[in-house]
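One structure, as structure tokens, below. Some questions next.
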Amino acid sequence: MLSNSPALPPLIYLLTGIFIPLAAWKWKKLSFWLALGATSVATLFSLFNLSQALSQGSISYRFGGWIPPIGIEYVLDPLSGFVTSVINFIALVVIIYAYRSVAQEIEEFRWTPFYALVMLFLSGANGIIMTGDFFNLYVFLEIASLSLYGLIAIGDKKSPVAAFRYLIMGTVAGGFYLLGVGFTYLVTGSLNMGDVHHILFNLSPSPPLIVAMTLMLIGLGIKMAVFPLHGWLPDAYTHAPSSVSAIMAPIGTKIGAYAIARIFFFIFGVKLITQVIPAAQVLSWLSAIGIVYGSIMAMAQNEIKRMLAYSSIAQVGYIGLGLGLVSPYGFIGALLHILNHGLMKACLFLVAGNLRHQLGHSRIDRLDDSIRRLMPWSSASFTLAALAMIGVPPTVGFFSKWYLALGTIETKNWLFLAVILISSLLNAVYFFRVIERMYFRRQKIAKAAKNNFVAQKMGKREVSLSLLLPTLILALALVVFGFLNTWIIKTILMKALPAGL
Amino acid sequence: MKERRLRIIDYSLLLIFLALLIYASLGLSPRGDLNSWVNREESVVHSPNAAAYYIRHAYHDTHSPNMVTAILADYRGYDTLGEETVILTAGIICFLLLRRKRRKNKKDNNKEIKAENERSRK
Amino acid sequence: MKEAENNPIVSLIASIVSPFIMLFGLYVIFHGHYSPGGGFQGGTLLAASIILIRLAHSSHTGQLQFPSKLGTPLGSLGVFIYYGTGLAALWWGGQFLNYAFLPLAEEISLRRSWGILLVEIGVGLAVMAILVSIFDDLLEEENHD
Amino acid sequence: MIEFFLGHYAYWFVLILLAIGLYGMIIKHNLVKKVIGLSIFQVAIILFFIASSTKWKATVPVLANHHEKIQAAAYINPLPHTLMLTAIVVGVATSGVAFALLILTYRRYKTLNETELLKRMSEEDAE
């Protein structure tokens, strides 16, 4: 049974996604417990997979028992093990949060399909990360995207429009990727990633291959929300329910980033993406523009969720920049930032959800220091995550930026170094705007009395424990992983570097 | 005016994209060419070509003369499981988004619609 | 759906044609080994025959034939048959979806053949149920107003 | 020259169809027309794969007589057909979800024209 462990995380999610509509039709509460159980088991298995990959190197799992170019294989190596562990851990924490948040935001008869869709989304995300087959990646990409469209559309009133816009962009992305796969297949005659890698090594680059790479870069770039292709992201993040934003922001864009890292660095190879077409350079330039653009747009927003969405565009830019540098430090920085941004964004979106839960809004201009007194733990978590976002030393946010900066110095790209420094300042500006209001803005007396009255009437000041605990776990994880960063880099990420860097 | 300029950008992007794709298709080997890498028995690195393998071995392996079925359900069965999941996802989404709570009498039903209208006014 | 325009010719033809479409759908599913066809194509035909009844008759008759609340559970069941076939192979010691480990027949190629049939039935059931359920959900509003 | 044309013209038609689909998605203001464009786009990709699976003088990939020795050149490539069966299902699922979203949008805003929709949404923000 344990020899099947590489395939188990996506399969467990898939089984739960299928089983929830069957089992939990009558008992709505059961769907949550099934989802929670599946997520914990899948997290355990992905941690086990990671340890396996670290001790044994790359492991191939063959579906149906067919050898790779004939059948479909899953590839478990340190990189895929690391990323599945990260997203499953974050998903576990957010699912705990979803218990009360969903109960409040979504009608009861929708709980069952909601949890089923979350499970299917996680199954798609895990499948994308583990797969070693081009077409299988497309199928799981579509599972993940379709379930996201549905999950976004149960948010507030504007959410169906946001979801529809995402659907159009996402389908174009999937179509471009599939067309790229078609050209690659016609050139090489194979769909297996490892096989294609070996074949391309012996084949001189031709126009169809170059166009295939361009198409895949555009397609996966849309999924990752690289700068000019980010149009769907702000609306989708803003209008989705809080638990959906919190599960989509850390995982949704990261799977695009991972797919780009996997396909361009491990399959096409460094030579093809730097010398034949300037894919890496284009990616890093677009990401640099995206970092500045996202940060500036985030400063202009008045709604915390929307601000976080624009900040996501900037943060995804860091990952793209790190990948595009084509240097070991840059790659490590990008991978560390996948972990890092996942934790930070999940934590910030959970706090935004807490604010909406207690206050009924999350507008920055209506915050004042009553928040600090009403919700001390939430605001502390927000501050910690914001500090990590800016890159203050003991948190994990500092270290990924440190490695990215080392990468820019290594490749002598001083402009990108300047972009990283400037964007840290911009991050500081837009987060301190919120923190300043939370801690130092005195509220008016009359309003204070009213607020106290409201607080007494509700009987509690802070949000309930099941909402608070996930926020605190994530905030704590930011510090813990900050102290563990050398260990993570030495034992995991150094082994995950592609050949030829 | 601004609208019109945006239109022109859109059209030209579309045309550039089409030109790019046609340029790529010029480099493909002609359709039906038995010497292209898709239709040969082995790839450059002598790994077996999947398509030729399927044609040769499908009946022997799965006892099914229809190769498409054999590939769909056996060789690449995991893709088909994914495909089923996609359509299940679509079904669940339509349920999640469109179905209103089942009501026994019409009065409650009207209340539901009223609530939706209320929501749309909000 | 509008109930008033219930044309007798349309409903009669639909009632005559629908069983044949359904039969053909079953043929396409079960004959997928030997001729073009398979679970998805057959499932679509089955769904077409059910939807034809819903279009031609009153929605009440359609509900008698296939209640729309069955849609999602049956779809889940169909996917579960597929998944369960894979899981059974895993249980008997093979990889996921490796039908050679299913104890259905002596010969390995026959085992794979049986495995394919099981899977196709699951696909057909899932596609039929879900297509009908999507159809019902898209028309939900009209049913209520 | 004429052989080159005969070997490639099907790809060109399919790629033009793809551009038409993209045109529908990008330029059109009606959301339903966007979905139509999306379907055309997906069909174009499916046709691209199918067109690539041809072999001259070959037949459909269903074994006629399984006793004689099988020539790989006698049957067209079955792999793209299988892949496209999956892609068709994905297309059906996507358009189903798209229409569900449009119905929900129409219930709330009573319009499916993009400019009108944006206008109503910003009016609502102003309130």
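In this document, chain identifiers A, B, C and D correspond to the written order of the chains, with residue numbering beginning at 1 in each.
Simple rule for what comes next: a residue touches a chain if its C-beta (ideal position, glycine included) is under 8 Å from a C-beta of that chain, and two chains touch if they have at least 3 such contacts.
It should be emphasised that the depicted structure is a prediction, and the values quoted were computed from it without experimental measurement.
Between the chain pairs C-D and B-C, more C-beta pairs are in contact across B-C.
Among the other chains, C has the CA centre that is most remote from the centre of subunit A. Centre-to-centre, using mean CA coordinates, subunit C is 24 Å away from subunit D.
Mean C-alpha positions place subunit B and subunit C at a centre distance of 20 Å.
We define each chain's centre as the mean of its Cα atoms; on that basis subunit A and subunit D are separated by 29 Å. Centroids of subunit A and subunit C (each the mean of its C-alpha atoms) stand 36 Å apart. Of all residues in subunit A, those that touch two or more other chains are 14, 18, 21, 63-64, 113, 135, 139, 142, 146, 149-150, 153, 157, 160, 179, 185-186, 191. Counting partner chains per residue, subunit B has residues 21, 25-26, 28-29, 38-39, 50-51, 54, 65-66, 68, 72, 74, 76-83, 85-95, 97-98, 119-120 touching two or more of them.
Annotation for subunit D: residues 18, 22, 52, 62, 79, 83, 85-86, 89-90, 92-94, 96-97, 100-101, 103-104, 107-109 touch two or more other chains. If touching chains are joined by edges, the resulting network of the protein chains shown connects every chain directly with every other. Against subunit B, in their complex, subunit A makes its touches with residues 14, 17-18, 21, 63-64, 66, 69-72, 107, 109-110, 113-114, 116-117, 120, 123, 127, 135-136, 139-140, 142-143, 146-147, 149-150, 153-154, 157, 160, 179, 183, 185-192, 195, 198-199, 201-203, 206-208, 210-212, 214. Of all residues in subunit A, those touching subunit D in their complex are 135, 138-139, 142, 146, 149-150, 153, 157-158, 160-161, 163-164, 167-168, 171-172, 174-175, 178-179, 182, 185-186, 191. Here subunit B touches subunit A in the complex through residues 20-21, 23-29, 36-40, 43-45, 47-51, 53-54, 74-79, 81-83, 85-86, 88-90, 92-93, 95-97, 101, 119-120, 122, going by the rule given at the top.
By the touch criterion given at the top, residues 18, 22, 25, 31, 34, 38, 41-42, 45, 48-49, 52, 79-80, 83, 86-87, 90, 93-94, 97-98, 100-102, 104-105, 108-109, 117, 121, 124 of subunit D touch subunit A in their complex.
Listed in rising order, the residues of subunit A touching subunit C in the complex are 1, 4, 7, 11, 14-15, 18-19, 21-22, 25, 61-65, 113.
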